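In the two assemblies presented below, subunit A is common to both, partnered first by subunit B and then by subunit C.
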Partner chain A sequence: MNNSVKIAVFLALSYVAVPLALGSNTYVIGLIVAALTIAGIAVAWALLGNLGGMVSFGHAAFFGVGAYVSALLTLRGGWPVFPAMLMAGVGAAIASVATMPALRLRGPYFALAILAYAEIFRILATELKPVTGGAAGLLSIPRLPNVLGLDFGSKLGGYFVILTIVVAAMAAYHLIRRSAYGLALKAMHDSEDATRVVGVNSIVLKAWMLMVSAFITGMVGAFNAHYINFLEPDYAFAGQWTMLAIVSAIFGGYRTVSGPLAGALVVYLVDQLAFKPILPQGHQIVLGVLLGAMILFNPGGMMSMLTAKFLRKEASHAA
Partner chain B sequence: MSKSTLCVSAVALSLMLGLAPADAAELKIGAEIPLSGNLARVGSAMNEGIQVAAEMFNKKNGKHTVKVLVVDDESSPAKAVGAVEKLAADGVIAYTGGYGSNIIGPASEAAEKLGKVYITSGGVASELTKRGLKTFFRINSSEGYARALMGMFSEVGIKSVAVVYSTKEATEEVAKMLQTGLGAKGVKVTMHAFDPATNDFKPIVHKIKLQDRPEAIAMIGYENDYVGILRAAKVLKPDIKTIAGVWSLATSKMAAEFPDLMENVSGTSTLSYPAVFTTPEAKEFAETYQKMFNKAPDYLGIFGYVQSKLLFDAVARAADAGTIDKGGVASELRKTKTESVIGKVSFDEAGDNPEFTHRMGQHQAGKVELVWPLEAATGKMKYPALPW
Partner chain C sequence: MLLDLDGITVAFGGLIAVGDVTFAMAEGDVLGLVGPNGAGKTTLFNAVSGLVRPTRGQARFLGRDLVAMPIHARARAGIGRTFQVPQPMHELTVRENLMVASRFATGRIDRERIAEILDLLKLGHKADADAATSLALTEQKALEVGKALATNPKLLMLDEVLAGLETAGKRAFMHTLAEVRQRYGLGLLIIEHDIETITRLCPRVVVLNFGRLIAEGSPDHVFNDPEVIRSYTGGEAA
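For the complex of A and B:
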C-alpha cells in the first residue's frame, strides 16, 4: 500500500468511519478527544525530539500558555474562539522565545531547563491574579462555537476540531522532515559540529523547531481550555501533559510521524476502557509495565514494530 | 397442573412483570468522586455516605430503588468531565459527589450540558453558584465554614490570629471572610497566602512565630496542607494558644492517620467522632454505616449521605410525576425544605443552601469532640492546647 492510499484510508477512517460508528456514544468520543489532546502534544514533543534533537520535560509550559492566551482573549477580550486559538499558538511560540537561552544546553540539561520554565510559567499564572484569576483559575470559558450550523461545542464537534489540529501537526512534522531543513536537522543528529562547519546554523534551526513545537502545543492547550471550559495554573501547567505525551510518543514510536498519535490512542484508550474497569484504583501501573516492556524489547515503539512486521510479511509474499 | 392452567399462569405472570416497571423503577444515579489522587481520602469518606444513603433509600422507599454507579475522577478536572460523560452513557439520571471546587466546576458544567442535576457538598467557592447553572445544587457554602471558625475564636476570646491559606478559590474566599469578620470584631489578623504546590511551611510558620506572635493560627487549605503546616509548627513551636482549620481536618481519618499531629487541633465538623446521634434518622444512618463499613461515620460521610438522600427523594418524586426527562429533578430539588442530619436545607435559585451553618470539632485523644456552638457541644474545648 503506498503512502497516499494509507493517508486516504486514515482520513476516511478518522473523519467518516469513527464519527459514524461512535458519534452517538458521547463517552467514547469524549475519551477519544482526550486521547487526541495528548496525541497533539505528543506529536509536537516528537517533532522537537526527533527533528530538533531536544528532549523536553516542560511542554506543559506551552500547553498552559496557549490555554491561558485563548481563554483570556475570549473571556476578557471578547475574541471569537477560533482566532483566539490561533493566537494561543502564536502566544506559546512567543513564550518559547523566552526559553531559547536553554538551547545552548544539551541532553538532560536542556530537558531540566525546560522543566524549570514550565514551573516559572505556572507561578506567573498563579501570581498574575488580576489577569489570570490566580490559583482560583477561570470558570465558564467560552465553548467551541457553532459555525454554519456545525456545533463544534458538541462532543463530535470537539472531536473534529482536535482531530484537525493533530492531522495538521502531523502534516507539518512530515513536511519539515522531508524538506531541506529536515535533512539539515538529520545531519545535526549525527554531528552538530560537522553540520555547523558546512554552514548550517544549528541554533536557528533548533529555535524554529522549538517554536513550531510550542505553536502546536499552544493550540492543543487552547482547544482543551474551550473544550472543558475551565482552567487553573495547577491544571494548565500540570506535569501530566508532558509525561503522558512523552509516554505516548515513546510507546508509539517518536521517530515516526504516526507513532505519537497511535501511542496516545492506545495508551489512553486502553487504560480508560480496559484497565480502569478492572483496576479502578492503580490502573496506571499496568501501563507503566507495558511501557517498560516496550522500551526494553522494542525501543523503536509500536509503529516501528508494526511496520517491520508488515514489511517482513510483504517480503515473504514477494518471495 | 394442566397445560392450560400453566399457560394462563404464564400469561398472568408475564402481564404482572410487564406492568410492574410502569410504577416502580430502578433509578440510576451517578457518583463522580475522587477515589485516587490527592483527594482520595475525602472522596472515599463521601462515597461511603452516598452508599449508605442508597442502602437506606432502597430499604425504605418501597416503590423505587436507586442504583449508584461510581466512577473515580482521579482528583483531576479532565477525568471528572470524562466520568460525568461515562455515567451519562451508562444512563444515570443525576449526579452526586465531587470534591474540590476546581474539579466540581468543570464536572458540573458537563452535567449542565447533559441537562442532568449535579449535587455536591465538596466545593464551597462562591463562583460555583454564580455561573447561572440550572442543574447545580450544593448543601454547604463558604460562609458556614468562616462563621464556625470565627464563632469558636470569639468564644475563647482570641485577640490575634494568623491566617495561613492556600490561594485556591474556596480557601482564599474563606480566608478573606475571616479577615473581614475577625477584623470587624477588633481581632488583629495577619494573612499568609501560600501556593497550592507548597509543601514546606517552615518559612511561613517561622514568620508567624517571630513577627506576628498571634494567639491562634487558622489554616485554610486541604489535608496535605494541614499536615505540612502542623509538621512545621511542631518543629518550630510558635507561642500560640490554639490551632484550627476548616474542612477535612476534624475527621476520623486524620485522627487515625496522623495521631501525632492532630491532638487538640480543631476543624469544622457537623459530628463528634465516634458520633453521638439523637434523631431517629441519624441513628438509623449511623447503624447502617456501621453495618456497611464496620466503623462509625464522620462528617464527610454525613455530607455525602445528606446530599444523596435529598437527590434520591427528588428523583423519586420526579419519577412519580413522570418529569425526569423534563427537568423535574431540578424542580423537585428546588422545592426541598427539610431538617436534615446537618441542619436545615433549602435551595435558592442559584442552587445554594442559605441555611447552612457549620460546627467546630476538636481532636481529643483520638476522638473528635464538638466544641462549638455550646448548644451542640459534646465536650469542652481544650484551651490553651496544642499538638506539641
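For the complex of A and C:
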C-alpha cells in the first residue's frame, strides 16, 4: 500500500468512519478527544525531540500559555474562537522565545531548564490575578462555535476540531522532516560541528523547531480551554500534559510521524477502557510496565515494530 | 589575500595550543601544514573554521574579519573543511549529506554540482546509501571532501584526509585532489603527516611545533631545516 492510499484510508477512517460508528457515544468520543489532545502535544513534542534533538519536560508551559491567550482574547477581547486559537499558537511561539537561552544547553540540562520555565509560567498565571484571575482561574470561557450548522461545541464537533489540529501538526512534521531543514536537523544530532561547518546555523534551526512545536502545543491548549470552558493555572500548566505526551510519543515511536498519535490513542484509550475498569486504583501501573517493556525490547516504539512486521510479511510473500 | 593570519594565538587556560602564528595564502595557493603530533595544526584549523575562538591575533578571509564571524557564516563565506575523523551526517544518505552542505552554504541545492562531486569522488554508486553505516574508510574520507566541496568553497582545509589509507588508495586520492583543485581553482590548506604526500601536493609548507611556526618555505627547504628535523626526531639534526 503506497503512502497516498494509507493517508486516504486514515483520513476516511478518522473523518467518516469514526464519527459514523461512535458519534452517538459521547463517552467514547470524549475519551477519543482527550486522547487526541494528548496526541497533539505528543506530535509537537516529537517534532522537537526528533528533529530538534531536544527532550523537553516543559511543554505544559506552551499548552498553558496557549490556553490562557485564547481564553483571554475571547473573554476580554471579544475575539471569535477560531482566530483566537490561532493567536494562541502565536502566543505560545512568542513565549517560547523566553526559553531560547536554554537552547545553548544540551541533553538533561535543556530538559530541566525548560521544566523550570513551565513552572515560571504557572507562577505568573497564578500571580497575575487582574489578567488571569489568579488561582481561581477563568470561568465561562466561550465554547467552540457553531459554523454553518456544524456545532463544534459538541463532543463530536470538538472531535473534528482537535482531529484537524493533530492532522495539520502531523503534516507539518512530515513536510519539515522531508525538507533540507529536516535533513540538517537530523544531521545535527550526532555531529553538530560537522553541520555547522557546512553553513548550518544550528541555534536558529533549533529555535525554529522550538517555535513550531510551541505553536502546535499552544493551539492544542487553546482547543482544550474552549472545549472544557474553564481554566486555572494548576490545571493549564500541569506536568501531566508533558508527561502523557512523552509517554505517548515514546510508546508510539517519536521518530515516526504517526507514532505519537498511535501512542496517545493506545496509551490513553487502552488505559481508560481496559485497565481502569479492572484496576480503578493504580491502573497507570500497567501502562508503566508496558512502556518499560517497549523501551527495553523495542526502543523504536510501536509503529516501528508494526512497520518491521509488515515488511517481513511482505518479504515472505514475495519470496 | 585569500587567508591572512596575523599573530593567531589559541590558549586553553595556561596551555598555548597555537602561539603567535602568522602566514598568508593567496587565492588558489596550496599550502601544507605539518608538524609533530600536538603541534597545534588541528587547533589552527579549528580557529580558522570557527570551532575555537583565538585568544589573540587577527584572521582575515578575502579581506573580511574572521574572528567575529560565526561558524556557519565562515562556511558561507567560502571556507570548507574536513575532519580528521570522518563525521558523516547520521541518518542521511551520501547525497543528502551533500544536499545539506549545498543548501545551507550557498542558499540553494545545486544538484548539478552535487552530481559532479559524486562523480569526481567516485561516490556515485553509493549516493543513496546510508552515509554513516555503509561506507569504507576511503569513501568516508571522500565524503568529507565532498561535503566541503558542496559548500562551494574558495579555501578547502583538509585535515589528514589521507591518513589510514593504503599506498594505492593514497595515490588515487592524491590524484583526485589534484583534479578537484584543477576543476574548482580553489586554495588548499593541507594537514598531512606523510612527507611524500606533502612534497608532491604542496609547493609551500608551514611547520608548527608546540603551537609555534618554526619554518616556512618550499618542502625541500623546510624538511632540511635543522629545527624542523629536531622537532620530528626530538634530537639533533644529522
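Heads up, the rule we're going with is that the second predicted complex is superposed on the first by the 319 of 319 C-alpha atoms of A that agree within 3 Å, B and C clash if a C-alpha of one lies under 4 Å from a C-alpha of the other, contacts with A are read in each partner's own complex, and residues count from 1 in each chain.
Basically, contacts are C-beta pairs under 8 Å (C-beta built on N, C-alpha and C of every residue); 3 or more make two chains touch, one makes a residue touch a chain.
Keep in mind it's a predicted model, so treat the numbers as computed, not measured.
**Student:** Using the superposition on chain A described above, determine whether A:136 touches subunit B (first), subunit C (second), both, or neither.
**Tutor:** In the superposed model, A:136 contacts subunit B only, not subunit C.
**Student:** Could you tell me if A:187 is touching subunit B, subunit C, both of them or neither one (first, second, both, neither)?
**Tutor:** second
**Student:** With both complexes superposed on chain A, which partner does A:197 reach: first (subunit B), second (subunit C), both or neither?
**Tutor:** second
**Student:** Contacts for A:150 in the overlay, against subunit B (first) and subunit C (second): which applies, first, second, both or neither?
**Tutor:** A:150 contacts neither subunit B nor subunit C.
**Student:** If we overlay the two complexes on their shared chain A, which of subunit B and subunit C does A:97 touch? Say first, second, both or neither.
**Tutor:** neither
**Student:** Check whether A:9 is in contact with subunit B, with subunit C, with both or with neither, and answer first, second, both or neither.
**Tutor:** The answer is neither, since A:9 touches no partner chain.
**Student:** Can you check the complex and tell me which residues of subunit A touch subunit B?
**Tutor:** Contacts found on subunit A: 25-28, 30-31, 34, 122-123, 126, 134-137, 139-140, 155, 224, 228-230, 232, 234-235, 240, 272, 276, 280-282.
**Student:** Within their complex, state which residues of subunit C touch subunit A.
**Tutor:** Residues of subunit C touching subunit A: 49-51, 70-72, 74-76, 80-81, 83, 87-92, 96-97, 99-101, 103-106, 109, 132, 147-148, 150-151.
**Student:** Quick one: which bits of subunit B touch subunit A in the complex? Just the residue numbers, please.
**Tutor:** On the subunit B side, the touching residues are 35-36, 40, 72, 76-78, 81-82, 85-86, 88-90, 102, 105-106, 109-110, 125, 127-128, 131, 166-169, 172, 195-197.
**Student:** In the complex, go through subunit A and note every residue touching subunit C.
**Tutor:** Per the stated touch rule, the residues are 180, 183-184, 186-187, 189-191, 193-202.
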